[in-house]
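Note that the chains take the letters A, B, C and D in the order they are written out, and that residue 1 is the start of every chain.
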Amino acid sequence: MSDSVRLDRNQIAKRVAAELQDGWLVNLGLGIPTLAVNFIPEGYDVIFHSENGIIGMGPQPADEDVDTDLMSAGKGPVTLIPGAAFVHHADSFAVARGGRLDAAILGAYQVSDNGDFANWRLPNRHVGGIGGAMDIAVGAQQVFVTMSHTDKDGTSKLVENLTYPLTTRACVTKVFTDIAVISVTPEGFVLDEVAPGFTPDDVIAATAARLIVSDSVSTIAA
Amino acid sequence: MSDSVRLDRNQIAKRVAAELQDGWLVNLGLGIPTLAVNFIPEGYDVIFHSENGIIGMGPQPADEDVDTDLMSAGKGPVTLIPGAAFVHHADSFAVARGGRLDAAILGAYQVSDNGDFANWRLPNRHVGGIGGAMDIAVGAQQVFVTMSHTDKDGTSKLVENLTYPLTTRACVTKVFTDIAVISVTPEGFVLDEVAPGFTPDDVIAATAARLIVSDSVSTIAA
Amino acid sequence: MKQKKVETIEDALDRISDGDTVLVGGFGFSGIPEKLIDGVCERGLRDLTIVNNSSGAQKLGVAKLLHNGCVGKVICSFPWGRESKIFTDLYEAGKVDLEIVPQGILAERMRAAGAGLGGILSPSGVGTEIAEGKSTHEIDGVEYLIEAALPGDIALVKATKVDPRGNLIYRLASQNMNPVMAMAAKYTIVEADEEVALGDLDPEHIMTAGVFVDRYYVTGRYKPDGWDGAWS
Amino acid sequence: MKQKKVETIEDALDRISDGDTVLVGGFGFSGIPEKLIDGVCERGLRDLTIVNNSSGAQKLGVAKLLHNGCVGKVICSFPWGRESKIFTDLYEAGKVDLEIVPQGILAERMRAAGAGLGGILSPSGVGTEIAEGKSTHEIDGVEYLIEAALPGDIALVKATKVDPRGNLIYRLASQNMNPVMAMAAKYTIVEADEEVALGDLDPEHIMTAGVFVDRYYVTGRYKPDGWDGAWS
């Protein structure tokens, strides 16, 4: 592991962005997911959905063009792409729960090998913020989780059973960490890709759940 | 009963229209209820709601101004009043079930003295047309029923228990027939008004349910 | 950008199969996707479950589908109109099934499907024939019927304007159940009077967002079938 | 015509009482009825149950109501933001109750109230802490939570345009939960940037029909509280 360097936030965002297909409707959570917007393949028409009722968010405007009535769910100023539409909050979540999101990219505290994930409350806190995560995760066709593979103490965030409070059951389809890309399959976690300098065994050692190594395991294009 | 003449459809419509108050939102069923539109007191702003998503129907247009995209739930051409709005069918019935209709005027086969009514299926037919009646009757603040007091055989349409299939339970507030105006109260039917030439006893004789005669029973202004 | 526009009715309809549940917009003469309905008849599809407010009138709308033998079941609020003799005949001959739903609950059950809900708690029809066989649930002492969401395999929707993303504008009262049907179907096919350029629709005026639309066909504005009154 | 316009904040708010459930629009800096919120604070109302997406930020929105001691309970999806210290303090001191609801279900529960439904069957939160104590119902083998409708005694709504019938237009993404709140409350009070004449709004563009609005107060457009960026 001597020349192994964990991916930084932008590299994780770039990798997950490569999953998005032309014409998809996508919802991005806060943090790393939001960065994915900077790595959409050239020429792709990816439509971004924001919980507060924007379908077709465009990039951040110049300072002088910021409008407080045109901000993302993350409270950042945005613009509109041509053909954007507004809906109210109930219909906005109809888009999500109703299955029209091709993908959601979300952060997580933990993901289990049946696709459960936790992202809304720390176990030692009384309350957390659910926001839109439960609705989005239950409805999106694909749920991509981006997170560091381990927490600050080196504890694996990929687990057999969640110890953090559940957000949504059996919904995560793929996990993008700073050392690996892992699919959630009926057989459990499958290691698809490793970060440059990492071996499958490095990833297995850092993962607190059984990890099936794909026959075609490859290195993440950094 | 020698100079008694049953009210005609327009007279019933005129009488029920006198119940409507300035500023009310009202839904009108087919038949006699629709005629009520012609008897709104001068200067009153009564807003008419149509199930198919019109809030603020105005009178019938001239032939050359008919628009097939602007017709009432009864399939008749209408116009819009200033400040009218369109909604889709789900939101249109939200208006009704959600309690925003000050009154609905509906026809009926039978009304019972607890306010149940029947208007959607004849007992001897396999199926009937429910249309919007169940939603409108369950939600409107007041449900006014207009109907003949008896059927062709002289059988009372005001009853103790419905023999026709129920539309909505305990919703009718007042009944306007061709011989009387009757309130539905916690004590049962109360006779408020009789048609010119009819006595309370005439109405009692024509009614197959107990009828309390109001202390202030009066004659319908024809 | 996803290519949603198709040039022929055949292409518009190539996802429909025998036995599908098809949500068909329209109320009275307004908002009926007539050209798509004609296309379904020409395809000779069979055993469709058709959801609409009514069973059609004369030989129009749903009645046309019935006449052409496409329909196995009708889900509607008003099957028994004076002008829907074809439905009466087929129903009484046991050739078509019927599920009757209060009009507002029909719309709400489709909206629930579009919103990814399992269903709704309905106050409409409690204690009536339509409650038979349905579960009930009490909230604050009030009894409600549990009405399941009503999704479609296909929606046939009529709009007046469409843009290349499939964003829709409906004319006057022609929207009726079209917007909830567009939400409720797995695959939504639109027939529009007119196509406008990308960016021509004000995002605040869009009535159905293009994410609910899978395909659209442009017809030009035409006089509704069976309408013999004034027309402009 | 019903007189819905009021000339003072006091008149706008005269139907609110201590203990009411108040639905308050707004998300981020957008669509917050700030002048009405200020009025509630000045009235010194107590023990309100406030429904909003969040518990506010800094001293803005719901946080202002919390700071002023008006709130007994918050129903929201996101109470624990980095900027809502006031809520954390009051909650941990046992001075404010909390009901946490997934954001989309919060909107849907209010819409259900507005639509006269008893509630909805929700797929969101099944198997999680928020399912505790709730009934479940299975449809086609899928488990749903029965989530009760969430009506308000009062809604405080922010719009950009209002006409004398109370018809509303919202600007850009400022509608957020305002339209469902307008539907869900027994009494809906609107704060609008601007009043337009009767007939000036295209009936096809109206976002909230005036039948859902009981009263409105016109403020003129103003810079949102706490916003220190560009403003036009």
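By definition in this document, a residue touches a chain if its C-beta (ideal position, glycine included) is under 8 Å from a C-beta of that chain, and two chains touch if they have at least 3 such contacts.
On a predicted model such as this, the values are computed, not experimentally measured, just so you know.
Seen from the C-alpha centroid of chain C, the farthest chain centroid is that of A. With each centre defined as the average position of its C-alpha atoms, the distance from chain A to chain B rounds to 56 Å. Our note on geometry: chain C versus chain D, Cα centroid distance of 32 Å, whole angstroms.
Note: centroid distance chain A to chain D, computed from Cα atoms, is 29 Å.
In chain C, the residues that touch at least two other chains are 108, 111, 115-117, 123, 170-172, 203-204, 207. Residue positions 86, 90, 93-94, 96-97, 135, 138-139 of chain B are each in touch with at least two other chains.
Pairwise, the chains that touch each other are A-C, A-D, B-C, B-D, C-D. Touching chain C in their complex are the following residues of chain B: 50-54, 63-71, 73, 75, 77, 86, 88-90, 92-94, 96-97, 121, 125-136, 138-139, 165-169.
Interface of chain C with chain B (complex): residues 27-31, 53-54, 77-81, 91-92, 98, 100-105, 107-108, 110-111, 123-130, 170-180, 207, 224, 227, 229-232. Chain contact summary for the complex, chain C toward chain D: residues 108, 112, 115-123, 135, 137, 139-140, 142, 144, 146, 148-149, 169-172, 203-205, 207.
Contact residues on chain A toward chain C in their complex (touch as defined above): 22-23, 25, 45, 47, 49, 55-56, 80, 82-87, 90-91, 93-100, 135, 138-139.
Interface of chain D with chain B (complex): residues 1-2, 111, 113-117, 163-165, 167, 183, 198-199, 201, 203-204, 206, 209-212.
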